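Written out below as structure tokens is the structure these notes cover.
Chain IDs A, B, C, D and E follow the sequence of writing; residue 1 opens each chain.
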Amino acid sequence: MIAQIAMATGFALILIGLYGALTNHNLLRMIVAFTIADTGVNIVIVAVGYMAGRTAPILDAAVPAAEAAQRIIDPVPQALVLTAIVIGLGITALMLAYAYKLYQKKRTLDIGKLTELKW
Amino acid sequence: MKIPYALLTLFIVVNFGFLQNALIQKIAARVGRRYGIPVWQNYIDLIKNYGQRSSITHGVMFYLGPVFRLSGGVGLLLFVPSIYGSEMFSNFSFAGDLILALYFVFFGTLGMALGAAESGHPHSAIGITRGLSQVTAAELPFALAVFSVALQYQTLSVTDIVAAQQGSILNWTVFTNPLAVAAAMLGFLGSMMRPPFDVVLAPQEIPIGPPTEYHSSYLALMQTNRAIFPVAKMVIYMSLFFGGATSWPVFFLKVFCIYLWSAFVGVVFPRFRVEQSIRWFLIWAVPIGVLSIVLM
Amino acid sequence: MLAMTLLLCVAMIGAALVAIRTDGLPVSILAAGLLSLLASVVFLVLASPDVAMTEAAIGSGLTTFLFFFVLGRVRSGEREGGEHD
Amino acid sequence: MVSAIFILAAALAAAFLLGLLKDEQRGVAYAITLLALAFMTWISADWTWAFAMDGAASVDIFTAGTEPPFAINLRVGLAEAVLTLIISLTALLSALAMKDALLALGRRAMAVLLVATLAFCGIVLTRDIFNLFVFFELAAISTGGLILLSDDERALAAGFKYLIVSQVISILLLIGIIFAYHATGTLNIDGMADAAQSILPGSRQAFMLAFFLMFMALVAELKPFPANGWALDIYESAHPAYSAIFSAAGGAAALYAVDKLLLVGGTAWLPAATGIGVVTFVGANLLALPQTNDRRLLGYSSVAQIGLILTVLGQRDVLGDLTGFVALGLLLAHSVAKAGLYWLSSLVAGRELSAWAALRGHPLMIFAFATFLCLLVGLPPFPGFYAKWELARVLAAEGRIALLALILFGALIEATYLFRWFGYTIKRDKPAEDIACASGNVIAICVAAVTGWVLGYLWGDAANVMLGRGNLLLALPLLFALAFLLLEWLPAWTKNMLAIAGLVGYFALTWGDYDPLRLIFFVIFLIGGAVILLASFHAHGRRVGFYPAAMLMYAGMTMLIEATDTFGFFAAWEILTVGSYFLILRGKHSEPHALSYLVFSLGGAFLILAGFALAASGAPLGVSPRLTFALSELAQVAQPLAPWVFLLLAIGFMTKTAAIGLHIWLPGAHAEAETDVSPMVSGILLKAGLFGLFILLMSMGKQQLYGIELTYVMLWIGAITALLGNLMAIFQEDAKRLLAYSSIGQMGYALFGLALMNHLGWLMALMFVINHYIYKSMLFLSVGGVAKRTGTRAMYQMGGLIALMPLSFIAVLIGIIAMSGVPPLSGFGGRWIFYNAILESEYRLPMVVIFLSGPIAFLYLFRLIHTIFLGQLKDEHRKLKEAPFWIVLPQMIYVVLLLAFAVVPGIALRRVDEYMNQFFPTGGLNWSGLNISSPYGYWDPIAIMIIVGCIFMTLFLWLLFVNRKAQKVKQFNIVFAAERPYRPETTHFAWNFFAPYRKALGFLVQPFVTQFWGAITDTLHTGADIARRFYTGNGQTYAIHLLGFVVAVYLFARGI
Amino acid sequence: MIRRAVVLALVLAMGAIFATLLAGYAPDGDLNLTARYYADRTAPDIGSANIVTAIIVTYRGLDTLGEVTVLFLSATIVGLVLAGGRRRETAQRPPVPVGELLTTGSRFLVPLIMLLGVYVFVNGHLTPGGGFQGGAVVASGVLLMLLADPLKHFSHRLIAAVESVAGFAYVVIGVLGLVLAGGFLDNRILPLGELGALASAGAIPLIYSLVGLKVGAEFSSMLASLSETEEL
């Protein structure tokens, strides 16, 4: 049941993020909205891997290697999320740098004003 | 042995042509309540032109104009058998059939046009334009009629067509295929340079059109052609539509009657402008021709 | 356990809505940072500690800082481009 | 061989190494970058060689020492090797091309370039879906980085738009991946594909949705039509060398990723892929029409090509193992051409299409430009041609005609705007600044051009091995034509000698093995061509570009005759179209006309392609659609398809013979071409269309479509074309246009003769082929000679040239006598056969139209000779000399030919007459000695010639004798309204010569057809102009477009 | 106004798709094929206690390599993008005086943070966390130093060197894996050691610490280049 709730919130976050990104004209607000959407995606991914009544995939005293298969949840989504978060950060940093450079060149942060390239 | 007989035919037709032209002009004058020219007038003109000494030329093509014209007329006459049945007067018809005659008409016209254009006289150029436009429009009904006749008799050789028309008057094409003959006779008016369609020469407007610059011996050649060419054309009409001629008197009579048809129409109607004549042919003559083919 | 996740999820959605709708840009960035923090707690609930640590360190820590840094550099721009559409 | 993982490892190691260098050591950094790229290229080339030559099976490379489903594995097969080769080679050459930009930005940019290449190679090699996501993100970020190389201010905004869109894509992809993982339990693509089959129905719907999201993300990477504004902005603003990488490498990698993904989705998703691909292909091509910026145009073209390849991938279920051959062919052609064009654009300073005229100073660049355009449009000997043929054949076999029609329509539009661009380059005035010949760029362009031709050879070879098609590049005539490219440095006359020797030699070699009909066409194409080439001796200097084009046209025509199967025929057809296009384009004002010629010809060619494809598919159901389809087998096409095949092929061939409605290209193309090109194109090229019609009618005979007799329709078209062609010719003021319209009229006659479908009808058509070649070439040459001397082609400005140019006059005189059908000459023979033919046939009404057009032909001929040679001589023409010797010589040859053919028509017609018997046994001619007789009449050419000659000579001699003392006077010496005329202009009656005809029949020649085609092109242009406003330039809008696209496809997918 | 309505409609449509996904989702009763393999095989094959780290470093090593390249790329491009800005030391108003509390606090906290960071990425294979988290913590330490002393000039040379060496070493280990052990990025080039011990799981600790160093260096270079840009 927890997984469903988490996944629902994840989807909600994605939708809110997308809505925010596609309506705000300020570049920074768009980037914030995208980070929210990324967080939402991460939550969904982890929620998919969750199985009720099981513990984290760390083999230590509490979870000996032998009975790991019955006790731990699916480790693969976690590996994917970890990479996704880092990549999300990479892209956000790049977008921020772009936003900064655009502001430096064009003195505006409004996406509507960056339309020389069209048709 | 074919050539002497051909020359004989030529001699007969030339003389007949001169007399016939003068007679037709006398008739036209009498209709206009004028006395008209004496019948031997053409011979006098011929002698006068050949007699003239002073002669100038505008270049080679100027020479070739009248030569093309006359050889066109003579060729047309000789390529079609004058008298049906007689070996003597079948001239050179072995060389080609009806289509040769049909297209040989253009030989003369082309030559005349080239020669007149070389003369550099604007009137002759205007005359050529009118002449070509009108003749091509007049050609169409005649071509349709010929095609209809060819379909009717399933042959293109003139002697066979005339042979098919022998016997009583009723099997002349004029009765067996009246529409074709009607179209052909309407087309005939266009090619005879008589009043309704004589805008080409337009005697008052541009002095006699294309042959304006021609004089002395050139004009003489053209006048002999003016005698031969109409007769040669009428020989074709006669052979195709009116049962051909088995002897010279019948030949003279039928040719004269056909010529009268164009003369009668000529004296009555005023002159058409060129586009009027083109439209007239395309509106009246061509539909009849088409009907003659379709109903065949 | 269930109650806590529900609470966290509602908080997260609230934080997200604040981040989108609010006028001030700093507030918006802070709300995003808070959202990240809540997310890392949810990750703990979903039994994935690795992800929780990453989310906490990178998601709320560095991203928020990057935003503030650029915002600082672009302070005047924020006022002029602030209106929604 | 070195394991393919080193491609990735080497790039990464080099990128990190660059970090160690100091900022000043930029030269060293650049060297390392080139070294790393070269190493990657070498590895992939090594693998490609191994696969291509020894045909080894594909090799899997495991990472982390464990089996694939549990670790990431890379696979290297022939496709992957070739793609990585293209990617790394493009990157290497682009690195060369943007040397200064890289050095300016320092080692960081070089590291980013290395990582970009690594990312694209990774996308191609990896077999793991999440790894694919990582490499896509890597590509996205490196694209963001490399965009900064551009010196264009707007690049930043384009970069930001791209990042927004890639964020949305990554969201979709991640969700898709995780749910696909949840449904199938593995992240490996092959593993996922197997698991997908055995999914229990419960979670099948979820897996379908997950796959949908993944598929949408990857398709979004392929820049699908409505949602690709961001890509176009990048193409326009980024550094051209980077655009080359982005288009060639990026496109190739993304396409292969989608191909891998389609394996997972199974055949359910192929229609979706096809739909998106076709919409992109046609939409992008349409929107490219109004483009003026060269890089943005290339962007549209690149998006369109990728759409086309996606369509081909979507047809995988039908193409089977041919998918690789077709998709790879199109992809490689696209990559090489697009990269080459972008490198070319880095040379040119101005950004408008006409600014490329600066290339004109460099023949090598023009050759490269032409090669790239032919590669893109898929003209023969390039891979695109083989791919297009196989695609059409298979699509027709599967009955997907609408799809084939859309693809051909898109390809036609693409050919239009690309060759319009080529026309601007050749014809528009050169901009001030010349092109910046940086060595890096030039090397890259040359390598690309050479690769293009090598690819052409390879695909030809593959087609030969796999499908038994002849490798076009090994065809002797084509090789001979291409050899002239190497001989461009020779002076014109040596090349001309070579060309004539080639033509005559080839004829002597192979004339034996043809039936009489083809032999006549062969004589006209080769010997006729050689005679016209004599006129080319008059040109001085080197005449760069003339001989390759001319020889290409002749090569196309010879191959047309030699072709036995439909593939060879169609290849020859396109070769001669291309050759003649380049030939016509050489005329001074011929650019718009050459373009309209090419568009009509290619339109016709595509119809023929569709027709042949249909014919091959129409083979009896039991037999699988055969690979090669002999021309003679056209007769056995099954009934329901036969009329359609006939219709398509007939319209295709009629575009080449300029039947009414498809004729508007002819006057401009023939009139504006050069002096010696007009006769070639008019006298010979039109016959190619007739030859096609002969083949068609010989094999398929009479066909019925919905109860209408198709040949009867052709009869009417022929008649109307003859009438209107001649009518339009009368009213022309320009001599060459008059002759061009007259060609339309004559072709109408020939078409009419063919459509009569009886023995004499075909004989008449053949007679026309021979006659028309002789007098049309003669007339065009003489008019060209006169135009060269007087400097004008307007007839009313000439006049009285008979005295100054007697030989030209004689040629024109004989020409018009022959053409008008006046007895002594050969024209009459044609008319006589025509008369007998129509007597035999059972149709009546079309005869009327043909009868009217006969005499009209006589009118415009007379106008030609009267206004040019007769009448008053203008003052400025007083001191003109005769036309150049080399132009007059062929005319005299033709005069002799005409006279000979008039006297003895038997030499050509007799054997053809017997050959015709096998098609129409009844109604032939019988040749008894000198006399030729048909069932209706008889004709004795020699007798006529002698009689007319005798009468003529007697009268002429007699007149000469009488006027032997005649005095030669000038034209002005005439009595004119009793005064002496002063100005020749006033008395030369030439302007609006047939005014009465215009008043009477003017309504028939209103330019309805031109308005019709004009309306079509205008609607396309304005439509495209309005549609492209869709790309507002706002990054947010582009993201909304993408979301809208995903939702739209979802709604569509829900339908299936 | 229409734009917001259109966006809302599209977002709701996407919502519908996600809703069907959500409805169709049923958590697995038992581990699926890949997860079961990892659960059973990680201990004996890789010897790493933290299965997620095993997956990240060896099983899906190429992903991590890609990821590290992503960070390297972002740092490089941010440096490239901001390289245009004028250097800070030119005519720059004297920075705001830093509070007393911040300087002493940072002097005390920075070493601790650094230690925590190092601990995290060294024990990546035992406890949750790893190279990325450790790197981030180290970066936050560097960030604190930056805040405390804005004028402190970090030598870009050093950061770039650390970053490159770490990256290059990572690639070398990968290639060694190919040469010595089963495949590219295989961790069995070093002895697996005993589960749970510090020096266990072959090359994973080495790789992860290299990753940690690299990530730390990249983030700090990013922050440094950001801080050196002048205020607009």
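Everything that follows uses one rule, which is that contacts are C-beta pairs under 8 Å (C-beta built on N, C-alpha and C of every residue); 3 or more make two chains touch, one makes a residue touch a chain.
The shown structure was predicted, so the numbers you read here are calculated from the model rather than taken from an experiment.
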Both-way neighbours, i.e. chains that touch chain E and touch chain B: D
Touching both chain C and chain D (chains): A, E
Most distant chain from chain C, judged by the mean position of its C-alpha atoms: B
Most remote chain, CA-based centroid, reference being chain E: B
Contact-richer chain pair (by C-beta pairs counted) among A-D and A-C: A-C
Most centrally placed chain, judged by C-alpha centres: D
Chain centre separation in whole Å, for chain E relative to chain D (CA means): 55
Inter-centroid spacing, chain B versus chain A (mean Cα positions, whole Å): 101
Chain centre separation (chain A, chain E; CA means) in Å: 15
Contacts with 2+ other chains: residues of chain C: 48-50, 54, 58, 62, 66, 70, 73-74, 77, 85
Set of chain D residues in contact with two or more other chains: 130, 134, 137, 141, 144-145, 175, 179, 182, 187, 1040, 1043
Per-residue overlap in chain A, given as positions that touch at least 2 other chains: 3, 8, 14, 18-19, 22-23, 25, 27, 48, 50, 56, 58, 76-78, 82-83, 85-87, 89-91, 93-94, 98-101, 103
Contacting chain pairs - touch in the sense defined above: A-C, A-D, A-E, B-D, C-E, D-E
Sites on chain E touched by chain D in the complex: 3, 6-7, 10-11, 13-14, 17-18, 20-21, 24-26, 28, 32-35, 37-38, 41, 45, 58-63, 65-67, 69-70, 72-74, 76-77, 79-81, 83, 157, 160-161, 163-165, 167-168, 171-172, 174-175, 177-178, 181-188
Sites on chain A touched by chain D in the complex: 14, 18, 21-22, 25, 27, 30, 34, 37-38, 41, 44-45, 48, 76-77, 80, 83-84, 87, 90-91, 94-95, 98-99, 101-102, 105-106, 111-112, 114-119
Chain E residues within the chain C interface of the complex: 3-4, 50, 52-53, 120, 128-130, 132-133, 136-137, 139-140, 143, 219, 222-223, 226-227, 229, 231-232
Residues of chain C defined as touching chain E within the complex: 48-50, 52-54, 57-58, 61-62, 65-66, 69-70, 72-77, 85
Of all residues in chain D, those that touch chain E in their complex: 3, 5-6, 8-9, 12-13, 15-20, 22, 61-66, 69-72, 105, 108-109, 111-112, 115, 118, 122, 126, 128, 130-131, 134-135, 137-138, 141-142, 144-145, 148, 175, 179, 182, 185-187, 202-203, 205-206, 209-210, 212-213, 1040, 1043-1044, 1046-1047, 1050
